[in-house]
Amino acid sequence: MKKLINAPEAVLADALNGVAAAHPELKVDHVNRIIYRGTPTRKGKVALISGGGSGHEPLHGGFVGLGMLDAACAGEVFTSPTPDQMQEATKVADSGAGVLHIVKNYTGDVMNFEMAAEMAEAETGVKVASVVTNDDVAVEDSTWTAGRRGVGVTVLLEKIVGAAAEEGRDLAAVTDLATRVNAAGRSMGMALTSCTVPSAGKPTFEIPDDMMEIGVGIHGEPGRHRVPLAGAASIAQQLVEPILADLDFTKGPVIAMLNGMGGTPLIELYLMYGEVAKLLEKAGVKIARNLVGNYITSLDMAGCSVTLLKADDEFLKLWDAPVNTAGLRWGI
Amino acid sequence: MTAGTASLDQLTDWLSRFRDLVTEQQSYLTELDSAIGDADHGSNMTRGMNAVMEKIGAGGAGAVDELFKSVGMTLVTSVGGASGPLYGTFFLRIGMTAGAATALDGTALSAAMRAGLEGVVARGKAEAGDKTMFDAMAPALDAFDASLAAGDDLAAASSAAFTAAVAGRDATEPLTARKGRASYLGERSAGHLDPGATSTALLFEALAGALAKG
Amino acid sequence: MKKLINAPEAVLADALNGVAAAHPELKVDHVNRIIYRGTPTRKGKVALISGGGSGHEPLHGGFVGLGMLDAACAGEVFTSPTPDQMQEATKVADSGAGVLHIVKNYTGDVMNFEMAAEMAEAETGVKVASVVTNDDVAVEDSTWTAGRRGVGVTVLLEKIVGAAAEEGRDLAAVTDLATRVNAAGRSMGMALTSCTVPSAGKPTFEIPDDMMEIGVGIHGEPGRHRVPLAGAASIAQQLVEPILADLDFTKGPVIAMLNGMGGTPLIELYLMYGEVAKLLEKAGVKIARNLVGNYITSLDMAGCSVTLLKADDEFLKLWDAPVNTAGLRWGI
Amino acid sequence: MTAGTASLDQLTDWLSRFRDLVTEQQSYLTELDSAIGDADHGSNMTRGMNAVMEKIGAGGAGAVDELFKSVGMTLVTSVGGASGPLYGTFFLRIGMTAGAATALDGTALSAAMRAGLEGVVARGKAEAGDKTMFDAMAPALDAFDASLAAGDDLAAASSAAFTAAVAGRDATEPLTARKGRASYLGERSAGHLDPGATSTALLFEALAGALAKG
């Protein structure tokens, strides 16, 4: 395993030291492993908290700041944080207007956030609402299973809902918006290589040079299908088609994200975005805004994902609102 | 029904043996989780059980409820992921059910573990055949009860539970997962042991060891 | 070779399609492979042009926009662009106030930019000045050799000098500033793995799992030394020490960049930044500003580099000035 | 001094053979550049010489100056890197020196190539032993001149040039580079052939082939 780390057990603590050193505008609670904005939540503003396993950077810590999250809880690599972390973040970030938990749909994340919400409400009376993102079309949606994974839409949701909270919308309105954003988005990912979890010390899966995984999530899990390696145009098609088959994106403007998995350089991400944009144009999908880059990653995995979000005027206005975080910044 | 009791020391030994087993088999558990999950089950369980032993090693639990509530809370606050809340809830419920006893007889231990299983189901909504830790835990408890009902002592009952947990674990191999991370793989999840069911088999191996005669 | 590309020969053209699709605010000349700002250079503003081989993204195309470059010429992967590209960019971007060529010190880049400057001045009378960056302390500085490579300082220079050009400084002043910035900065890089040049089809060098390269540049070239793999703290030391030995950074504020080589995930870059910040504090170096991320990359190489720049009040003011590019954005 | 001339067709054949050789040896040139450079010399030369042949294949160069200026400009505008300006300048200067002839005798060809070499030096400032294409090119031209001076014809002179280029190329192996990318490696550059000197040996192999007797 070749990584810029000191020791597998120390990855998270050491990385949080780096975040604290790099971002004096943020507050890092090293004991509870929480990243907060440097200034307390404005009175009356709903607080947005997210969190999850580490290894997906800039998600979520990189999205803490004006216009997005109030706090992010960092779990061990690929392991949901624990309820006490979330409860602490909830208590600290609440300004009295309540807290929205933004949870990606994984069994661990959902259970830990549920426990945190129970604990926070019971102990401190903070009003807690949750939204669970589940946008990954690689996974069949069913009430008999764990359901779809929460992936790329989480990034777009944190931006859009963050802007609405900044506007002063109340907890019910913010929660409703979050639910609508989640419902309007779909994602699909692929991997050329596995990632390596530091504590595991070797790649999560082996894959030959002439194969790739289609339908991966963001935890180095194998995908739904292993298929022959193909060119960028074909890969784009294998990602875009299932998304368009799942939801109609032709009726209005769309926000598109071409996301890298962490080990893929920007030149390839732009190249892929060119292919995706071509396919979407052909399919009658109009891209109003886009993001190309590493936003929700899977350690050092090489690969990418496509996320589309139906964006009406409300979503677009909130998207364009100022944001000032380590991972997304504009208008300020 | 039952012969003999599990003392506080034996119950502590259960936890200690469980820690040793997950530590020994950390790489194996992570390897199983690599195939159909995210390659962290071994380090999750090791981190959690080390935290548990550090906590209770400090000593001081005067009663079963105190011990297991502390174990449960430690797992909940140190593990994360799916296994943290699930194993955490399992032990929390044991603590809540067992009461302030300093030893548990077979009936009491069975009732406590059943409550633990119910907690796991309440949190995780798993059913038989979903390819989760439930598939090792439920048969283990059934075998434990059946053995006690047949007049066996705690040593025999816990050994029967272990055997059933192993069978339950092995039976997860052909299953297509419907819960947890492995469910994302669809049919590709078949042909692999479930990591959580495997650590649960270790849980009952540890119990059988702790309650073995002599 | 596993890459998100269609064909090695098509990488650059396809990636430029993606850039054009992702950035409607930019203009892409696909024939000459030049990325311009969407609006022509303001009358009286010195135009800043850079360029180089592709594979270092976001450098340079990602730094075109208000407050940084006016145009960037993209060469083939790791191959300097050609004089005709640079000449065309120079002609188009000039507003009459002259053009500064920002050139990284590589034989090919220097020669091609020299030819471009000769051609542009001869044919169109555009005033052209150049600055050649050469900040890499891994290479001994000598007039008998090609000298030091231009690496990380190029990013900081494009930002600072871009702000000065935006202020309306004339060509002589802008050139003088560029020279001073270059003189005040030093960098040092390392690699855990080689990158793979698409047209070569396989890694540029083989390296065992327990070794790393210290003193690499940004072209997948082997480094100055191959040494045993070490922890992040030791790696930080191997990068910081030669920099501090080369120039005194203790006399005033410093801008620090922890740059990723393209294949290293953000969590490791933050972790490395934490180690570097610790060492600098111990050495009495005061970091006033920092950047952590992938800014000047080497395709899919895993590794990082450290850049330090002595930054007086003038530099800091220009650093803080608004910038609006794909790769760096703040204040706007 | 000289016997025979190089016709426009033969000079075009020189270029065509050079294209074929760099194309054939693209991987090899890139491999050499991988060891001490950035793994692109093979693709640079192939891209450049293909562009050249496409340009002049369209035909129409009526004279030597026209032909080589076009070759030089095409290399300069299609290659980039170090080799683009260097080989481009080499051919541009040949064109500028040769004048509007339709054939070159030995003296004229020698003068033209010398001017080319001077252009390479003017651009790249390389000296003997810096481990660059200069180290193959300079001895090749010296051998060419010496052979002509000895009364040899163009075929023999170009063959002598080729032999000297190969020797010059081989002599780059132990050198520590002082120019170009390889210089960044310091002592680690020793023990490898210089890629540019290797392609220059191909340039003279192509010349010898084109000027060989019938």
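Each chain carries a letter (A, B, C and D) given by its place in the written order, and its residues are counted from 1.
Going forward, a residue touches a chain if its C-beta (ideal position, glycine included) is under 8 Å from a C-beta of that chain, and two chains touch if they have at least 3 such contacts.
Computed from a predicted structure; not experimentally measured.
Identification of common neighbours of chain A and chain C yields an empty set.
Work out the mean CA point of chain A and of chain B, and you get 32 Å between them. For this pair, chain B with chain D, the centres built from the Cα atoms lie 75 Å apart. A straight line joining the Cα centres of chain B and chain C is 55 Å long.
In chain C, no position touches at least two other chains. Within chain B, not a single residue touches two or more of the remaining chains. If you draw each protein chain as a dot and join the dots that touch, you get a simple line with two loose ends. Chain pairs that touch, as defined above: A-B, A-C, C-D. Residues of chain C that touch chain D in their complex: 8, 53, 75-84, 106-108, 111-112, 114-115, 136, 138-140, 144-146, 149, 197, 199-200, 204-205, 217, 219-222, 224.
Across the complex, chain C is touched by residues 1-7, 11, 14-15, 17-22, 54-55, 57-58, 62, 192-193, 209, 212, 229, 231-233, 235, 258, 262-275, 277-278, 287, 290, 292, 294, 297, 299-300, 302-304, 329-332 of chain A.
On chain D, the positions that touch chain C within their shared complex are 30, 34-40, 42-44, 47, 76-86, 123-124, 177-181, 183-186, 188.
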